[in-house]
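Alright, structures below, take your time with them.
There are two complexes below, and they share chain A, which is joined by chain B in the first and by chain C in the second.
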Partner chain A sequence: MYDIQNYQEALTLSEATETLTRNPRMRIIAGGTDLLIKLHGGQIEAAELLSIRNIEALSHIEKRPDGVISIGPLATFTQMTQDPVIKAHVPILAEAAVSMGGPQIRNIATIGGNVCNGATSADSASSLFALEAELVLISSRGSRVLPISEFYLGPGKVDLRAGEILTEIRILPRHYVGFGGHYIKFAMRKAMDIATLGVAVLCKLEAGNILAEVKIGLGVAGPTPLRCFEAEAYAVGKAVSTDVLNEVGRLAIRSAKARTSWRASKEYREHLIQELVPRALREAIVQAGGGEIA
Partner chain B sequence: MRKKIALTVNGKAESFEVDVRESLLEVLRNTLGYTGVKKGCGVGECGACSVLIDGVPIDSCIYLAVWADGKTILTIEGVAQDGELSPVQQAFVDEGAVQCGFCTPGLVLTTTALAESGREYTKDELKRELSGHFCRCTGYQNIVKAAEKAIETCRHDGSCGNHHPADHYHDPEKQEGST
Partner chain C sequence: MAYTIVGKSVPRIDAVAKVTGKAKYTDDFFERDMLVGKVLRSPYAHALVKHIDTTKAKELPGVKAVLTYQDVPQIKFATAGHPFNLDPSHQDKADRLILTGKARFVGDAVAAVVATDELIAEEALRLIEVEYEQLEALLTSEAAMKEGAPLIHEDCPHNILSDRGFRMGNLEEAFLAADTVVEGEYETSMVQHCHLENHISYAYVDTHDRIVIVTSTQIPHIIRRIVGQALGIPWGRIRVIKPYVGGGFGAKQDACLEPLTAAMTLAVGGQPVKLNYSREECMIDTRRRHDFKFKIKSGVTRDGKILGMHIEAVSNTGAYASHGHSIAGAGGSKFRYLYAIPAIKYEPKTVYTNLPVAGAMRGYGSPQMVYALECHIEDIAKKLNLDPIEIRRKNLIEIGHVDPLSQNKIMSSGIRECIDKGKALIRWEAKKEAYQQQAGDKRRGLGMAAFSYASGTHPIGLEIAGARIVLNQDGSVQVQIGATEIGQGSDTVFAQMVAEVLGLPIDRVHVVSEQDTDISPFDTGAYASRQTYISGMAVKKAAEEIKAKILDFAWGLTDIPAHALDLKEQNVVYKHSGESVLPLAEVALSTYYDTVFAQPITSDVSNNARVNAVPYGVTFAEVEVDLKTGKIEILEIYNVHDSGTIVNPRLAEGQVHGGVSMGIGYALSEQLLFDPKTGKPLNNNLLDYKLPTIMDTPDIGVAFVETHEPTGSFGVKSLGEPPALSPAPAIRNAVLDATGVAFNQLPMNPQRVFEKLKQAGLI
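== the complex of A and B ==
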C-alpha cells in the first residue's frame, strides 16, 4: 500500500485550483510514475493527493489557427509518439517520447508530470528547451506564462508556486516552422533506462546549406536541462561542413555543467556532448532539407 | 480512506470498496484473487504486473486501484476461452517462450494487445513494444518468435478477441487531418 493519507479527484480545472487553494498540502498526481515511485521509496510520506487525471480538457494536442501547437499536460508519451500534429510539425517530440521508459510507462506517464518533476534527465525536456516551449500555469489567483528555461530551477526543483497547475505547453510557430530536428537519447540500455545524456538539436537552413538558426538543448549536462548558446551563435551563417559541425560540438561543452555521477563521469559526459551534438545536428540538417554530410 | 469502484475484470462486472492506498495489483491479487498478476519490482520496471486496461498494457503496481473505476481489465486468467488457449498463449507454448513463467502473464497480455491491433510490426517495433517486460530466464529470442507468430496468426484468421480501443496502436502512416 502507498502511504496516502488523503485522495481527491478533480473533474474540472476550477475544482482543482480551488481544492489546492483550500488545502495547500495537496500534491497533484497525473500518471503517478514519478510520484508513486517516490511514495514507494519513502521520499514522500503521508501524501495528500489531488488527481487531475479526469480533467478531460487537459489531455489535448492541437494546432491552433494561429499556428501555436498546444499540448495539454495530461497528454501521455504514447499519445505524443502517435499524434498527427506532433508528427507533422514537431517530430522531434515524437522521437523524444518514444525513447522514454517502456510501452507501459509511456501509456500512462504524462508530459506535464515529466516537466513538473523537474529532472534534468526528463526525455521531453531537452526538446522542449530547443523548441523554446512556453508553459501556462494557472491557480485560483490567475495565470502566468513562462518560458520553460525559467521554469527549471535546480535538480527536481521547478518554479511551480503554491496552488499552481501546469495547464498547457505551447510551441510557437517561429520556433518550429521550417526547422528540422533530431533527438538522441544516450543511455546504457536501449529501453527502460534513464538518459546519460539527452541531445535535442533543431536547425533551419538558408540557400540549401547555410545554417540560418541552430538550437541545441541538452539534458543531464547540468543540474537542469540547458541550451548551448555559444555553439548556436557560432553556427549561424556558416556553410555546413564537417569542421563547422565539430566546432559546434566543441563549443557545446562550454555551456554544459556536466558532473560526475554513478551513471557517468564528467569527462565521459563531455566526450558524449562533443560527439553527439554534431551527430544530432547532422540529422537535423537532413530533416531541414539539407544534404547529408560525408 | 475508502472509495467504491465499479469495474469489469475478465468479463465479470465487479463493484466494491477499495482503500485509496491500494494499487490495482494489490486489489487484483488480494481482493479478487487473480494471482496470475505477478509482483516483480513494484516500481514499474519489470512488467510482471502488466494487465490490459481498456485494452492498453499498464503496470498495475503503479496504478492506483481507484483509477480502475469504470474500466475494463483483462488479466491472464481471462485470456483462455472455454479452456482453450488463445493463439498468443499457444504460440508461447509452441515456441518454448516460457521457462519459470513469472514474466509470461505480462508478456502474453502485451502480445495480445499487439495481436488484436491488426497492425504489422517490424522486428524492431516488436522488440520495442515488448521492452517493458523483463525476462530473467529465456534470453528473449523465443519470446520474440512467439510474439511474431501470434501476431501473424491473428492477422490471418482474425482469431484474437478484441479487448482494445481500435486506435491505441496507430497506423504509422496516419497523417494529420485524419483524426
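== the complex of A and C ==
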C-alpha cells in the first residue's frame, strides 16, 4: 500500500506546467520505477503525484533535419534499446538502456525519470555525459536549455526548479557524428542490478589510428556522473597503442571521486576505472573504424 | 526394477493451477473485515525497553489494538520446527517471547499494531514512543564469547548456546601415524533463503472459540503445537491451514510469525488479522543461514589416506536459538558417510550474537561443512601433489559401512559412478591438459567436490508420517497426506506412488494439496529432504492397504481369491496373466451401493521410519577468472546425484537446477551485510543482496546415477537439499585451479577476489 494523497494526470504539457504552478508540492511521476520504491521505503510520505504518462508528445525519439537527435523524456528503456535512430547513431545509449533492470522495468521506466532521479548510477547517465546531451526544461515561466553535466548537482539532486518539467533530451550532431562508442556496465549481476561502475567511451579517429577526440563518461565514480577531461585531453593526437590506452585509464582515475562504501572499496573502484576505461576505449576504437589492438 | 509411473516425468499435478494463477496462496484468501498487523522493530542491536507509551498510537482512528511485550503471554517458547520431544533434555531451546522487552538484534519485535489498513498501521507504529537503554552490541562470535561480554540470554554463559560435538577413533594415534599434517581455516557467509513468497499468515477465532491460522509454512502440525505453547493454550484449540506455498527452503520450518498473528487476533476479539512481512522484513526477521568458521587439521599418509581429522567450528546463530543447537550437530554428522576417516574429533560452538536469527536452510549445516571439508581435501591433495579426484576415491566409504555414532548403515552408494560420470561430462582430462599453459588476463580452471547427506533425521529426530486414501465411486482416489507441498513437487511424487501401486493413470489420483491440522493425517512436514523417502513410506503403505481391501472386496464379488488378483490399468486382473476380471470402477461402485456388502474403502496409516538412507553426489565446475576485474564466470557446471530411484526425472532435474543455483549464489555473490558498529542491516533487499538472476546462471548439467535403496519405497533416497551442498567448494576448487590462489572465505565476489589476487601479486 502506497501513501498517495493526491494523484492527477495531465494530457498536455501546458496542463502539466499549470498544475505544477498551482501546486508546487506535486511530484512528477512517469514510469514510477524509482518513485514507487521511494514511497515503499518511506522516503516519501503523503505523496501528491502528477502523472505525465499520457502526454503523447513527450515519448518520441527522432532525428531532426538539422541532425539533432531528440529524445522525449517519456521514451522507455525498451524503446531506446529498439529504436532505429538510437541504434544507428548513438548505439552506446542502446547498450546502456538494455543493461538496465529487467524487461518489465525497461518496459515502463523512462529516460526522463532516469535523468531526473539524479542517481550517479543511472544507467543512461554515463552515455549521456559522453554524448554531452542537452536538456530542455519547461515551466509556465518559460524554457531553458542546460548541458547535462550542469543538471546533476549531487546525489539524488538535480537542477529541476519548482514547476519545471524535462521535455527533451538533445544530442547534437557534433557530439555523435563520426564517433564510435562502447558502454560497459560493471555490476555484480548481469541483470536487475545497480552498476558498480558505468563506463561510456566515445572516440573519433584520424588517419586510421590517431585519436582525434575521446570522451569518457563515468557513472558511480563520484557523487554525480562525470567526465574524465584530463584523460580525454591526453589522448587527443596520440596514435592508438596499448600504452596510450593504459595511460588513459590511469589518468581517468584523477577525474573520479570514488569512495569506499560497503558495496566496494575506493581502491577497487579506482582499479576498475583504470581497467575498464581502456577496455571500453579499445572497443570504441573498433566501432570508430580503427583496428583491434593486440 | 521396472515401474509403470514411478520413474516417468509426468507433469506436475499442480502445474496448470499455478501457471493460470488459480492456485491459492495465503494472500489470496479474503476474510470479511480483515485487519492488518504491523510490527515495531528495535533500531538497536542490543537494548532494554525502559519505557513504552502507546497512548497516541491507540488514539489514532482505525487502530484496533496495540500490543507490547507486556500484553503477550510471558511464556518463553522454542520456534524450531522439530517434532516435539517427550524428553525435556532434548527439547528445543525455549528462548523467545512473542514480543520482547529486551531487543537482541536490529529488527527485534518490541510492539505490534492491528489496524484497518496498512498505512494506518504504519502511522500508528510511528506514534509508539519507546525509550531504550542501549547495551553493548555483540556483532561477531568472537565478541560474544570474550570474557566479560554481556549475556544475550541470561542462562547461557559466554553466550554459547551449545557445544556438543563428538569424537570417534583415536585422534592422537592417527596424528602420530600420519606422514603429514595439513591445516586449514574456512569461513562461510550469512545468506538468506529468498523464497519467492514472503512470510505471511492470517488468523481469526472461529465460532467454536478456536484460533484458525492460515499460513505459508512447511510444518502445519508443528506450528499448531508451537502456537499452543507460546500462548499457553491447549494445542487442540488451534487449527492451522497450509494452502499453496511459494517456497520455504527451511525459513518456513520455523514459527516466525504465527504466534504473533494468533496474539493479534486475540487482541481484537477474534477478528481476522493478516500479518504480511515485506521482503525487507523477511530478510532480517525470519531466518538466515548460519555463518561458520572452521579450523580443520588432518593427519594424512603420503599417498593420501586420511587417518584422522580434528574439526573446530564456530557457528553464529544470532539473537535466538531457533535451530542453532542442532545445525552444528547435523553438519557434523552427515558428512561422515562420505570418507572412511578412522578418527574424528568434532568441536562445534554455537554462539548467540546480536544479529538476525539463523535457522534451518537447505542443507542444515551441511553446505558449510561440505564447503570446509571439500576445500580442505583439495588443499591436502595440493600439498601432497596428488590428483584431487584420486585422493577422494582413496578415502571413500564402502557399502556396508555402519556409522559408529548414528548406527546408520550404508546400503546403497553410487558415489564412485557419480564421480566417473561428472568427470566424463565436463571432459576433465582433455581440459586439464588444455589449461596447463595459460597466459593473459583470463584463466580457466576445473574443480570438483563431493558430498554425502541423509534422508530425514533418524536417529536424532522422530520420523513419523501419515497418509490416507479414499476410493471414490468411479474408481479414482483421493490422497491426503500430512507432508507438505511447498513447490518441490512432493504432491506429484506421492500421486505417482499411489498410481503405481493401484494401477491407475495419474489423473485418477487426486492429491489434496492443502494441509489442515483438523483434517490432514499427522506428519511433521517438509524439511530434512524427508518427504519422498519418509512420507513416501506412509503413502506406499496406505496404497498397499487400500489395494488389499479392493482385492478382498473383489474376491467377494467374483469368488477369485484376492491373492490371485492384481490391479492394472483401472481393472482388477488375474495376477498371473494380467487378464481382466472386472473394471475397478465397478468394484468401487459396489463398495458404495451394494445393498448387502456396501462399505466404502479407505485406508488411514501412519509410519514411524526408524531408518535412514544416504544420498551421494558431486559437482564438477569449470570457471574463467578475469584476473583484472576479479570476476568469476562459470563456464560449465554439472551435478551428478545418487538419490536412489528417481521417481520423476523432470522434477528431480528441477530440484537440482534450484539447488545448484543456490550454490552458485553462495559461492560467488550472496551475503547479508550489517553495519559492523551498529548491527543495522545494509542490504536486506533484493537489489543489494546479490541473489543471482537467470542471466547469471549458466546452463546446469544434471545427471543421476540410479541405485536401489532397500529401505526406501521404490528404492528412493533424498534429493531436496543435496543439490545445494557441493557447488560452492567445487567452484572454489576450480578457481584455485585457474589462479593458484586458495579462497577460503565465501562469497568469492569481485571485491574479495580483487583483494586476494592483489595480495597474491596477480594484480
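To be clear about the criterion, the second predicted complex is superposed on the first by the 294 of 294 C-alpha atoms of A that agree within 3 Å, B and C clash if a C-alpha of one lies under 4 Å from a C-alpha of the other, contacts with A are read in each partner's own complex, and residues count from 1 in each chain.
What we mean here is this: a contact is a pair of C-beta atoms (placed from the backbone, for glycine too) under 8 Å apart; a residue touches a chain by one contact, two chains touch by 3 or more.
All values reported here derive from a predicted model rather than from experimental measurement.
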Original post:
For A:K87, is the partner it touches chain B (first), chain C (second), both, or none of the two (neither)?
Top reply: first
Original post:
Does the superposition put A:L36 against chain B (first), chain C (second), both, or neither?
Top reply: first
Original post:
Given the touch rule stated above, what does A:R53 touch, chain B (first), chain C (second), both, or neither?
Top reply: first
**OP:** Using the superposition on chain A described above, determine whether A:L272 touches chain B (first), chain C (second), both, or neither.
**Re:** second
Subject >> Touched partner set for A:F186, first chain B, second chain C, both or neither >> reply: second
Subject >> Partner chain in contact with A:R22 - chain B first, chain C second, else both or neither >> reply: neither
**OP:** Going by the touch definition up top, name the partner, chain B or chain C, that contacts more of chain A.
**Re:** B
**OP:** Would you sort A:I108 into first (chain B), second (chain C), both or neither based on which partner it touches?
**Re:** first
**OP:** Have a look at where A:A264 lands relative to chain B and chain C in the superposition and call it first, second, both or neither.
**Re:** second
Subject >> chain B versus chain C as contact partner of A:I194, first or second or both or neither >> reply: second
Original post:
Which residues of chain A are in contact with chain B in one complex and with chain C in the other?
Top reply: 1, 3, 102, 190-192
Original post:
Along chain A, where are the residues that touch chain C in the complex?
Top reply: 1, 3, 42, 102, 186, 188-194, 196, 262-265, 268, 271-272, 275-276
Subject >> Parts of chain B lying in touch with chain A, wherever the complex brings them together >> reply: 1, 3, 19-23, 26, 42-45, 47, 50, 56-59, 62-64, 66-67, 110, 128-133, 168, 170, 174-179
Subject >> Contact set on chain A toward chain B in their complex >> reply: 1-7, 9, 32-33, 36-37, 40-41, 51, 53, 63, 78, 82, 84-85, 87-89, 98, 101-105, 107-108, 190-192
**OP:** In the complex, go through chain C and note every residue touching chain A.
**Re:** 117-119, 122, 628-630, 669, 673, 682-683, 686-688, 690, 692-696, 749-751, 754-755, 763
